[in-house]
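Everything below concerns the one structure shown next.
Labels A, B, C and D are assigned to the chains in the order they are written; within every chain, residues are numbered from 1.
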Amino acid sequence: MFEFGEDKLKDECGVFGIYAPDQEVARLTYYGLYALQHRGQESAGIAVSDGRSISVHKGMGLVSEVFSDRVVDRLKGKMAIGHVRYSTTGSSLLANAQPLVVHYQKGMMALAHNGNLTNALELREELGKNGAVFQTTVDSEVIINLITRYRRDSLENALVKTMMDLRGAYALVILAEDKLFGLRDAHGVRPLCVGRIGDRYCLASESCALDTIGAEFIRDVEPGEIVVIDEEGLHSRQALSKTARSSCAFEYIYFARPDSSIDQLNVSASRRQMGIELARECPIEADVVIAVPDSGTASALGYATALGIPFGEGLIKNRYVGRTFIQPTQAMREVGVRLKLNANVSVLKDKRVVMIDDSIVRGTTSCKLVDMVKKAGAKEVHFLISSPPVAYPCYYGIDTAEREKLIANQLDIEGIRKFIGADSLHYISEEGLLRALGTEAVCLACFNGKYPIPVSNLDRGKNDFEIQKC
Amino acid sequence: MFEFGEDKLKDECGVFGIYAPDQEVARLTYYGLYALQHRGQESAGIAVSDGRSISVHKGMGLVSEVFSDRVVDRLKGKMAIGHVRYSTTGSSLLANAQPLVVHYQKGMMALAHNGNLTNALELREELGKNGAVFQTTVDSEVIINLITRYRRDSLENALVKTMMDLRGAYALVILAEDKLFGLRDAHGVRPLCVGRIGDRYCLASESCALDTIGAEFIRDVEPGEIVVIDEEGLHSRQALSKTARSSCAFEYIYFARPDSSIDQLNVSASRRQMGIELARECPIEADVVIAVPDSGTASALGYATALGIPFGEGLIKNRYVGRTFIQPTQAMREVGVRLKLNANVSVLKDKRVVMIDDSIVRGTTSCKLVDMVKKAGAKEVHFLISSPPVAYPCYYGIDTAEREKLIANQLDIEGIRKFIGADSLHYISEEGLLRALGTEAVCLACFNGKYPIPVSNLDRGKNDFEIQKC
Amino acid sequence: MFEFGEDKLKDECGVFGIYAPDQEVARLTYYGLYALQHRGQESAGIAVSDGRSISVHKGMGLVSEVFSDRVVDRLKGKMAIGHVRYSTTGSSLLANAQPLVVHYQKGMMALAHNGNLTNALELREELGKNGAVFQTTVDSEVIINLITRYRRDSLENALVKTMMDLRGAYALVILAEDKLFGLRDAHGVRPLCVGRIGDRYCLASESCALDTIGAEFIRDVEPGEIVVIDEEGLHSRQALSKTARSSCAFEYIYFARPDSSIDQLNVSASRRQMGIELARECPIEADVVIAVPDSGTASALGYATALGIPFGEGLIKNRYVGRTFIQPTQAMREVGVRLKLNANVSVLKDKRVVMIDDSIVRGTTSCKLVDMVKKAGAKEVHFLISSPPVAYPCYYGIDTAEREKLIANQLDIEGIRKFIGADSLHYISEEGLLRALGTEAVCLACFNGKYPIPVSNLDRGKNDFEIQKC
Amino acid sequence: MFEFGEDKLKDECGVFGIYAPDQEVARLTYYGLYALQHRGQESAGIAVSDGRSISVHKGMGLVSEVFSDRVVDRLKGKMAIGHVRYSTTGSSLLANAQPLVVHYQKGMMALAHNGNLTNALELREELGKNGAVFQTTVDSEVIINLITRYRRDSLENALVKTMMDLRGAYALVILAEDKLFGLRDAHGVRPLCVGRIGDRYCLASESCALDTIGAEFIRDVEPGEIVVIDEEGLHSRQALSKTARSSCAFEYIYFARPDSSIDQLNVSASRRQMGIELARECPIEADVVIAVPDSGTASALGYATALGIPFGEGLIKNRYVGRTFIQPTQAMREVGVRLKLNANVSVLKDKRVVMIDDSIVRGTTSCKLVDMVKKAGAKEVHFLISSPPVAYPCYYGIDTAEREKLIANQLDIEGIRKFIGADSLHYISEEGLLRALGTEAVCLACFNGKYPIPVSNLDRGKNDFEIQKC
C-alpha cells in the first residue's frame, strides 16, 4: 500500500470542545470533528463528562468510520471534547489516540492536544524521577501528569502552573470537574477559537467547525490565555504574560480550510491575496493559469484575476482517492500521481501555462506534475509557489520531512527548477507573504529557521523512544 | 445513517477491459476502475481470463476497499474486465455485483454492463420458457443467456444476434474464448472508448481511465459496433445498422469526469461552454460568480469569464465527506448540508451573487444552499442551472428519482424559484445546451420526454421483482 | 495458517427445512443449523419463502458468525431451508455457498444439497448444449436446471423426472411454490429425516436438529422418496423404485452427532457396540483404556466395560481450538498436535494403554499421538480402530484424501503399525462393524471399494473445473 | 445475544512468560496462551522485550483471533509475557486488556496479572495523593505504580516492597530490565509454575501450557516467592515470610485443565478422586452414571468405577457452540440449553440415572438439565455435585455472582433439590473434598466464608468506579 500526500506537509491535529448540558454534546462534537477532518485522518476520539464521570470512545480512521449512531448515543453527558489526529506512516497506534482520559485523586480528567512541546523529554524525565509512569508517547500524558501534580492547588491554578512549565506549541481542550477549559500557548502558534451556540459555548481549532454545528464565532483564544466554560458561561484568565503572537503561517497557506478564519484572517481571502502578491512579484505572459487542486486554487484565482489571464481546470482531481491503494509496480510508475490528478488536455494543449501550488516539500510530486502538464501539450510551464521555500523542520506540531529531505534545504531555486523541469520557478517572498497576510505576527520558522520558541531537543533521534508530535 | 447526494442524479456504472498477455492485466484494470470510481461506488469487481479459465473477485464498496495487493496478485491472466456499480439505497446486493462469470458449453465467459435494457423483462420471460434460471436481477444475466443460446453459431455471430434482440442502452465488455469484446448499443447512449497501451488495446467507459494507466486514446466505439481485441490486435464489426447517435447529455453535464472526452467532446470544455451560453441567455449584473462544487465549477468559470465578473470560492466543500455519516437530529437539521458544504463569508458578504449548479432534481439541497448563501450575507442570489429542467425519468441506466419527485415535473420555473428561495432562477435552454455541445446527436429525454429508444415496461412497479438498472 | 483435522475425513454438509407459517421459520432454521454445525463449518445459509418470493442470506463461517439477530429478523416467511457446508482448503467460495436461489419461469425456487452426484459432468454438458449457463461449480445448480427444464410438467412430476436423471448420493431440501420438499437418493446414502413441531413438519440431516428445536422425530425419508410438506401436512411419493438401502457407514463411525439416530440406529449406541465388537475381536491385557477424543470415546467406553478395564481421560482436548491458528515453525513441530490434544501423565504413566480412535486416514496424527502417549510414560500402546482400514475414496459426498494419500492404500496393517509406532494395531473387521450396526444395509465402499452407485467420472482431475463435492 | 455459561463461575485470567533469547519468544507465548485459553476468552495480549524496549499487541477475543502470523512475527525480542482475560458482560474494554506496558524513569516495564487485590482502592487513593494518574481500572496499574515509586531502590527490592504493600491474590509475570519475574501472593491462591525449555526458563498459570510448548515442568512458584529469570538462569527470593498455602479449590474442581498439575496435584486425578469420595458419601443404586460435560466427566468416571455402575454419554455437547448466538424467543425457551447440550435417549430411557456436575451457582441450568434428562425417559435423576455448596462470593479473582444470586446462599439443600427438580441431590462434603485433594492447604472461602486474606472493601458497590477483577 502506498499513501498519497507523501510530498505534502502532514496535517497536525484538530480539537473541539463544548459545554451544553441541554444538548447532545457528543453528537455536536462528532459534527465539529467532521468539519475538522482535514486536520487529521489517523484517529478520532470523543470524551464526554457528566461532571463526575467521563466516558470515551476512540478508534483508528476517519470520524465517520470510528463513530456509529449507537456509539454516539451511548456517550451521554453535559460537556464533551474531541480530537482528530494526523496520519503518519510509522507509529500510528490506537494507544496514542486522544482524548486521553485519566482517573486521579480528584476524579477524572480528559485532555486533547494540538501542537508539540519542545521540552517534553525534560518534563518526562523529571516526572519519572518522582515515580510517574507513562503508557503512551504523546505529550498529552506529560501535560496531564503535570496538572495532577499541581492539583493540591485549585484546578485553575494547577493549569496556570502547568502552562508555566510547558514549552512549545499547544492548543488544549480539557474536561475536568464540571468545567471545560481551552488553553493556548504563549505564542499562539496553533489556532483555537470560541463559539456560542444558543447561550452555551464551544471551542474549536478552526471556525469552520463552528459554522458546521450552527454556532456563532465569538473570538480567538489569546496567546497564553485560559478560557473557562461552565454553568456560569465564559470566563478568561491570562495565564502567561503576553508575548508577540506567532500564528503558524502554514495554516493560511495550506492546512486550514478556506472557509475558516484564524486570528481574524480569512484563509481563503489570504490565499487569494498570496496570488495577487505573486502576480506583483512575478507577472508572467501566459495563456492560462491553473492550480494544483485543491490548495492552490484560491492563489491561482487571485493571480489570474490580477493579471487578466484566464483560469482553467488544467489538473483534474479524482474525488474518490482513498487513503491507501495498491502500489503501482515499477513499470507503472507514472500511474502513481495520475490516480490522484490527471491533466486536462483541452485546457493545456499548445498553451503557455502558469501552474500554482501552495508549497514544495520534497519536489517529487511537482516533478511529475510538470511532466504531466507538458505531455498534455503545454508549450511552457511556469511554476509559482504561494509560500517561500520550506527549508527548516517544524517543531511546533507539523510533520515536515527530515531536514535533509526538504528539497529547499539541498538545492537553490535554480536547482529546484531544473529538478522539477519547469520553464521557470518562482516562490513568493517572505515580504510578499507578510503583505498578503497583512500582519507580521506569524511564525515563519520553516522558511527562515527563526524559531520563536526555543527548541532544545533538536537531535530527537537519540531519545529512548520517539515522541509523537501532535 | 444518511447518504449524501440524494438530491443528485445517481451515477450509473463504469466498465473497463484490457487485453495484454505481457502485462499485469488485473492491476491495470484496478487503476482503470480507480479512475472510473465516480461512476459507481456501491461495488467493484475484476474478472481475469487466461483464455480458458476465468477468475473473479467482487465486493461491496470502493475499488480501494474491495481489492488488496494480495487479491490483485492472485488474479493472473492475459486479459481482464472490471466494473464499478453505483450506489442505491435499496437493493445493493453482492449477488448483483459485476462482472458476471458463467460456465457454459464452450467454456467460461465474463461480462460487465453499463446501461439499462428496456426489454429485459420480455427477454427474461422468453428465456424462462426455455428453461433458463436466473440467480440475479441484473440485465447482464439476460444478455449472457442470450449469447450462450446463440452460441451454436460462432461467438461473434452470437454477439450480433444478441445485439439484435437487445433494446435499450448498453456499453458492454466481455471476456470469452481468448478474446476481449466491446459492444455499444445502436444509439450509443452510454459511452465506451478504445485505447492503446504499447501494442495492446483496452476499453473504458471514459478516456480518463486510459490516461490514468498511460494508454493512448484511439477512438470511441461506434453505436451498434462490436470491437474485438485479441492476439491479432483490434478488429471491428458493425453489428447493427447505423442510426442517429444519442449520447447521454448528462454525461457532459454532470456524470463524466471533466478530463474525459466522450464522442469527441471534452467534458470540461463543454461545461465551460454551457457557462458561456448561460451568460448569453441570462447576463446578470452581479459582484461575484460562485459554483456549487465540484460539478458546477467549469460552467461558473465560463460564465464569469464571459461577463467579466470575478469568480470566487463561495461554497467550500469538506473534502473528507464519506459515504455515510450519523444523521443529525431534527434540532440539528441545518447541520446536514453544512457537513458537505459551507458558505465562505469573505466571498459572499454584501455581494450580489450568481450561483451556478449543474442541475436540480428534487430541489431540497438547492433550497438549503440558497439559504446558506443568504445567511452568509449575500444581498442577492441568482441561481443558474447548466441543464434544462429534469422533468422525465431516464430508462437508459441513470437512477433519476420517480417522476413525481422531480421538482420540474411538479412546478413551473417560477414555482421552483419560490421553492428554493432564489432572487432569480434560470435554466439553460435546450438550444443553448445543444449550442454548447456543438452537436444535436445527444439524448435529451430527461428534459423533453422524447425517448430515442422505445420503452415498453414503463410501469415497472408491477413487475415480480425490481429490475436493477446499470 | 494451519488447519486442524487434516488427518480426518472431512465433514460433508447438513441440510434443514421447515414449513410453519405460524412460527419464526428463519430462527428455527438457525437453531437447526446450529445443531448440524459439525457437518460443515465453511459456510452457512438460510432461504425463506412466503410462497411466492424467496429471500436468502449466506456467508462464510459458522452459523453464529454468518447470522445476527437483525439478519434473522429480516428473513420473514412461512417456510425455510438452510445449509451448512464443510471446510476445504482450496476453493471455499461464497459463490458456492447454499441454498441456491433462482428465478425461473414459474417464480422462485431454493435448494440445498448434501451429497455428491456421480454424473454431474454429463448432466452439465447436456444442459450446456441446450444453452444453460452455470455460475457456480456445485451440483445443486445442475439439479435446479434439470427441475426447471422439466417444469412444463407439474412440479412434483418435474422432481420425479429429475431424480430419474440424477446418479449419486443426495439428500435435498427444496422450497418452491408454497411447498417444502425433501428428496433422498435411491440408495439412501446421505441421511434425511422428518420431524413434527406442533402440527407442522420439518426436515433435517440428523435427528439432533429436531431435538434442538423441540420437534419430535417422525421417521427417516425413504431411499428414492419425495416428501412434500405444505398447508395440507405431510405427503409422500416414492419417486424411484426401492433398491437396497446403503446408508453411509461413516455417519455412524465418525460424522454424525452421538445423540442422533439415522435410519433407526442411534449413533452413540452404535459406537459403543463397535467397542464391544473390538473387545471380542481383540481383547488386550491392559491397565487403562483411553480414547482419542471426542469421536473415539463411545467405542472406548464400550471396549473398557466389555473387558472390565478402567477407562481414563488419557488425552485432554483443548476446548478452545479454533479453526485456524498460527503454524508452528519447523523447530516447534511437536507443538502442532499438542495445541489440540495433550497427554495426561497421571492416567498414562507406567501403564499398558489401549487407545481407541474411529479411523486412520493418512496416519500422520496417529503417529504423533502414539509418541505423545509413550512420552507420557505409557509402557505399551495398543491402538484399536473402530472402522476397517479406509483404502478407497468416497464419491458420495465425503472428502477423503486422494487415494494415494490414504495410508491403508499404501501399507498393510503391520506397515501401518510400524509407521505409527504402536505396540499393536487392530482395526475392526467388516463383519464386526456390520454386527455392531446390526444391519448390512450400509455403504462400505471406502473400506472395500464396492461402490453401490456407479462412478463414471473417476478421473476427475481432467475436468475443466473442479466439481465441488457436497 | 445471549452468552453461555452464565450459570458457571467465570474463569479468571491466565499468564505466561518466557526468557529465551535464542528462540521465537512471541510465538511460544502465543502457544502458551493457546493452552491457557480456558482461563479467559475476553482479550489476549503479548508483550515482548529486547531488554530495553518493549513492544505489545493486545486485542479483544480469542488468542487465535487477536494474533496473526504477521503480528507475531513483528514481536521480536528475547523475552515475553502474555495474558488472557476472562469474559464479563459489562466492562470488557480494550483499555483493560493486559499486559500493561509503561515507560518510567528506568526504561520500560510490562506486567500481567491473574488474581484480585483486596486493598486496590486504598492503594489507588494513596498513590493519587502523590499525583499518580490512572488510565485503566485494573489492579495491574496500581501494582506497576507501586513498583516504579519504589524503584529508587534496586528493582528486586522494589518488587519485595511492593509485595509487602499488596493484599489479595495475585500471580504476576513482569518484564523489566533484561529480566523476567514471576511473583505469587503470600497464600498462593492463584497458580503459577516454572518450566524449562532447553536451558531456558518459562512461567505459566498451569502446567498444560508447559506441555504444549514442549517445556519440562520444574516446580510451582512458592507462596510469597519472587522468581527471577535472566541470562544467568533461574534465581529465587522469598519476599514474604511463608504462611499457610491456600490454593484455590475451584482450580481443581472446575477452572484448570484436567491435564494440568497445580501445587503438586493433578487436576484430572483430583476430580476422579472427588467422584470416588462422592461414591463413599452417597452410593446410589442406579443403572447409569452420566456427567454434565466436560467438567463433570472425571468425577462421574470415578463415581461409576467405584460403584461398578456403567458410565454413559447421557448428555451430548455441541462442539461448535460459539461464545454468542441469537437468543431464542420466549416461545422457544427450551432451545437455549439444547443448543449446548442434548439428552441421548438411548442412554437414558427407562434408566435410574446418577448425573454428576462440578458445581451449582444459580441453579438455572441444572434445572433445565434435570428436566431434559427426565423428558428423555429417565425413571429417576439423582444429582451429585463434586463441590460443596457455593454460598459466598470470591474476592480473589473469580467472578462469582453477587451473593444474593447464589442459590446456596438462599436455599437449603432440600430447597435446591426442589428447585432443580431432581429425585435426590447430594453435594460432596468439605471433608470429602479435602480427602479427595489430599491436602488442607486450600482456600474454601466460597463454601464456608472463611477468607484467608482480609477483605476490606466488601461493599464494592459504593466505589466511584468498578474495580476490574482479574
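Annotations for the structure displayed:
The working rule: a residue touches a chain if its C-beta (ideal position, glycine included) is under 8 Å from a C-beta of that chain, and two chains touch if they have at least 3 such contacts.
These numbers were taken from a predicted model, which means no experiment stands behind them.
Least step count on the touch graph, subunit B to subunit D: 2. Seen from the C-alpha centroid of subunit C, the farthest chain centroid is that of A.
Rounded to whole angstrom, the centroid-to-centroid distance between subunit B and subunit C, based on C-alpha atoms, equals 49 Å.
Here the CA centre of subunit A is 60 Å from the CA centre of subunit C. In terms of their C-alpha centroids, the spacing between subunit A and subunit B amounts to 36 Å.
Contact of a single residue of subunit A with at least two other chains is seen at no position. Chain-to-chain contact here is organised cyclically: the chains close a single ring, every chain touching exactly two others. Pairwise chain contacts in this structure: A-B, A-D, B-C, C-D. Residues of subunit D touching subunit A in their complex: 52-53, 94, 100-105, 107, 109, 124-125, 128-135, 137, 144-145, 148-149, 151, 464-465. Per the touch definition, subunit C reaches subunit D in the complex via residues 1, 23-24, 27-28, 30-31, 34-35, 37-38, 41, 62-65, 67-69, 72, 208, 211-214, 257-259, 261, 266, 268-269, 294, 297-298, 301, 305, 310-313, 316, 318-320, 322, 324-329, 331-332, 334-335, 338-339, 342-347.
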